[in-house]
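Each remark here refers to the structure printed beneath this line.
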Amino acid sequence: MNISNIKEEFPIFNNKIQNNDLVYLDSANSAQKPQVVIDRVYDFYSKEFSNVGRSVHYLAVAATNLYENTRSSVQKYINAKDKNEIVFTKGATEAINLVANTFGQKYLNKGDEVLITELEHHSNYVPWHFLRKSKKINIEFAEVNEDGEVTLQSIEKKINNKTKIIGITHLSNVTGAILPVKEIVSLAHSKGIPVLVDGCQGAPHLKLDMQDLDCDFYAISGHKMYGPTGIGILYAKKKWLEDLPPYQGGGGMIKEVKKQGISFGDLPNKYEAGTMATAQVIAFNESIKFLEKIGIENIQNHEKVIVDYAVETLKKNNSVELIANPKNRGGVISFTIKDIHPHDIATILDEDGVAIRAGHHCCQILHDKLGVPATARASIGVYNTKEDIDKLNSSINKCKKIFNL
Amino acid sequence: MNTKELYQQIILDHGKNPRNLRKTENFNKDAKGYNPLCGDKVHIYLKLNENKKVEDISFEGQGCAISMASASIMTDLIKGKEEFEVKEIVNDFLDMIKEKDKLNNNILGEDDKTKLMCLSGIKQYPMRVKCATLSWHTLTSAINNFKEEINTEDN
Amino acid sequence: MNISNIKEEFPIFNNKIQNNDLVYLDSANSAQKPQVVIDRVYDFYSKEFSNVGRSVHYLAVAATNLYENTRSSVQKYINAKDKNEIVFTKGATEAINLVANTFGQKYLNKGDEVLITELEHHSNYVPWHFLRKSKKINIEFAEVNEDGEVTLQSIEKKINNKTKIIGITHLSNVTGAILPVKEIVSLAHSKGIPVLVDGCQGAPHLKLDMQDLDCDFYAISGHKMYGPTGIGILYAKKKWLEDLPPYQGGGGMIKEVKKQGISFGDLPNKYEAGTMATAQVIAFNESIKFLEKIGIENIQNHEKVIVDYAVETLKKNNSVELIANPKNRGGVISFTIKDIHPHDIATILDEDGVAIRAGHHCCQILHDKLGVPATARASIGVYNTKEDIDKLNSSINKCKKIFNL
Amino acid sequence: MNTKELYQQIILDHGKNPRNLRKTENFNKDAKGYNPLCGDKVHIYLKLNENKKVEDISFEGQGCAISMASASIMTDLIKGKEEFEVKEIVNDFLDMIKEKDKLNNNILGEDDKTKLMCLSGIKQYPMRVKCATLSWHTLTSAINNFKEEINTEDN
């Protein structure tokens, strides 16, 4: 599969959006879906639908196998040691809530500290916040530097003997900074502290190797990985999944149920209560295959070309201010224009079919730090081209014209 | 309607140089408004005199051109009005933004109405309607004394 | 839309399953999907995909409107008072966990009692069980009678001044009994006790009127209502949603986020953290429209004819023992055959394309009471016909032949 | 393979009238097995003598025809074997059910092997494989003294 004409694999680009070609620069929010994924959902519902794991009839058996095949594919894709280290959730947010809730229940007590960073998405802050109230713990924030990065040193500075778990983003959804996760994990482990990685932005764009990263938990969002909505993945080391209590209760996750008590099922069932997002999990296998077919190296190289071009283009455009300058950057570029509010930018760009996001991107802590309530953000997916960046730039120029800049 | 028309000169002007962007001394009514989606914030201050007339109105806040212009134009028009008139103008404006073609109140003069109608284009940008209405809702809160402070404490 | 040839609306029946026509009698597990629902998912991903509520570009605005349209449709369908009483979840199991967790946090204390019934699915028991440990509460079980029913009296007997909440199924997924929910709610309310109804089996088959039922919480499973997998609905009275703490934390559910603390968003956002199952919610609107088009009265009449015919047919088949005989029965019939284990029955039926479920159907408490570890269950959907029942019966006869009965 | 062939006479016979369905007196090894999906339960009792030979083996439990027949045939074949032979037979059986065409051990005679091969049809019914293997896995636990009791208490 040739990445240079990969747009063709995504049907959304076949249609005009309000008479414009779609210039989709909002992939950090959610990625578009390739035809293979869309078809898989369609076919599964049309010809093969059944619930999984609960009946012994033909369709149920087939669906169960398909469902478990995705688990194996994900395991391989992220190089997890064990298939049962892959838990399907409804999204990355749920994956992080699962960890915060169960780890918190078992291991966090009054006065303990959870260390996160100023870059974190609300999804990797609010779940820990709940424990402030219920468990009287504290939350510490590793500082972001002027370039929009969180360094190993910045993490190290905040670790102390009350630190019980560290939660960090792999790739910031605002500054684009890629964190030195492996080094942070190694430091944390040397002090006996487990690490949760919010991999929402990392998973679609970086080569993943759980055994190499050695993190304890890694949260993934299916819809940002060119997959269906309504599915996420929690990777967790087996020892944690065996050790921690269950999260939600219901059918499928139990072993034996009596009036007096309940015993819980083995992995992977323990954390998959109730009917799961069967069709979405099954179709997500196609997302993985799609990414594998292109090859993660090709994706990284391609996206680097585009993001470098975007940075260069926007830097040359005066009145555009890039809000971060990380040395190791993924495909996220946030910017402001003096005297034009990001929401006004987004509205004007949209008129030309250029879809970006404006706001705090669920990172209010970071925006407080940056001293701006909102930024405009262009984020890149596998389908973006230099032409997309040119269109972005010319629409920005139109903004400036409208605002008499 | 295109964005060139939406962002007409008067909006840009009020957006960039908002009138009444300050804090009324000795205000006796106020309220804060917040739009969590985009981070727009506004704080409205009112001084009603003993006859329930708006002696002064001002605001503090930050936001997009639409929300700043809306607050700016609003405060300009409201100054000097009676409390009951303020309520009528607010309702009329909100109705207009929601569904009506024009303003129906008999309180504002034609010039003022024309100024306000500059904001009507926002109807075609549903995600931005809140930008235009935030300060108006907040004014209502202030008048009714709903001091809905944003609670940033644990809850 | 004519119910007599409604099968045509479901593409799954166009294909042979292992050379047989599919006789799908497993709808209580999960229902098949009509073409309109499948198409909606396809079209949304192909032409309209965007995340909701977070960007101001055209696709995002359109998706947000579609998403909220489903909320309105559901509100209308179940006659809720307010649109914001509809919370989207990943399934009914999550909906019940949400209630147990948040109600438990705020209102349950040591020694308090939660009253459920012996008919409950594990999804309406395990979430309460978690509170036994964390809050030292007790769980009481209202008894099922010989006909497989839970009566108002049976509930009344177990209510005392420690009872803080009651959880009951609307329609048993094993005995088929329809519970006198309205009467139970009225009794409970007279004592100031809120009621959660597990509506998984009720919602697809009964006329729903929340204002008339007057229950406090009602949990619905999308995939059992001819909708996509990965979506459920929690109906809750507004006063509860305003009063209870949030469940999961993440993007979209907050108002303001500071390092020191967080304030939460208004309804409906408060309970919808993270990216939701956007495509599934949007497509679920088609399920509702589909049901409305047929008309719930027509559905109820049709299903009654089929279930009555099934009961009659199976009663005449000696060696088949129906395990319940409720006066008010929905489309669920569980049975055993002396000397043939339910799993053996299911395997043999499957060979003829007859899909039923065998097992404890996530109701171990009930099976303990019945004194059998497993039963066979045929459950009915809008597409089933008398011929399906005839095929079920003849396959049962084949079982008997193989087992020399 | 159809179900008529799967449920051949020998399976039905052992399923309906399982051999060794009782509890060995003075057993010195035992283990419980449970399949949460279908509720099948088995409890295996072993009596090994001082030479590590199976003096008696029995089981209690409930389940489908496949699982009862499997436990019944298994206990019949295992009686009188040495511990190391038992392990070899178990592994051979599990391999066969998983992927092999036939049994490869040299311990069982042809008649016994034929009896066991009656269970091989289950391969084509993936959701039912556990029914056939439950008692075998439980036997392994018993031999290895893994007393994995089902915990119905709070945890």
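By written order: A, B, C and D. Residues from 1 in each chain.
Heads up, the rule we're going with is that contacts are C-beta pairs under 8 Å (C-beta built on N, C-alpha and C of every residue); 3 or more make two chains touch, one makes a residue touch a chain.
These numbers come from a predicted model, not from an experiment.
In the absence of chain C, grouping the other chains by touching gives one piece. With respect to chain B, maximal separation of chain centres occurs for D (centres as means of Cα atoms).
Separation between the centroids of chain B and chain C, computed from CA atoms only, is 46 Å. Centre-to-centre separation between chain A and chain C, using Cα means, comes to 31 Å.
Each chain gets one centre point, the mean of its Cα atoms, and the points for chain B and chain D are 78 Å apart. Across the assembly, chain B contributes 37, 125, 128, 154 as residues in contact with two or more other chains. Shown for chain A are the residues that touch two or more other chains, namely 54, 56, 60, 129, 254, 256, 258, 261-262, 343, 347, 358-359, 364. Across the interface of their complex, chain A is touched by residues 2-4, 6-7, 12, 16, 37-41, 62-66, 125, 128, 131, 154 of chain B. Chain contact summary for the complex, chain C toward chain B: residues 53-54, 56, 60-61, 64-65, 245, 254-256, 258, 260-265. Contact residues on chain C toward chain A in their complex (touch as defined above): 11-12, 15, 17-18, 22, 26, 29-30, 32-33, 35, 37-38, 41-42, 45-51, 54-60, 90-94, 96-97, 100, 105, 121-123, 125-127, 129-130, 134, 139, 141, 221, 223, 228-231, 246, 248-254, 256-259, 261-262, 273-280, 343, 346-347, 349-350, 353-359, 362, 364-365, 368. Chain D makes touch with chain A in their complex at residues 34, 36-37, 125-128, 150-155. Every residue of chain A that touches chain B in the complex is listed here, in rising order: 129, 132-133, 339-344, 347-348, 351, 358-360, 364, 367, 373-374, 402-404.
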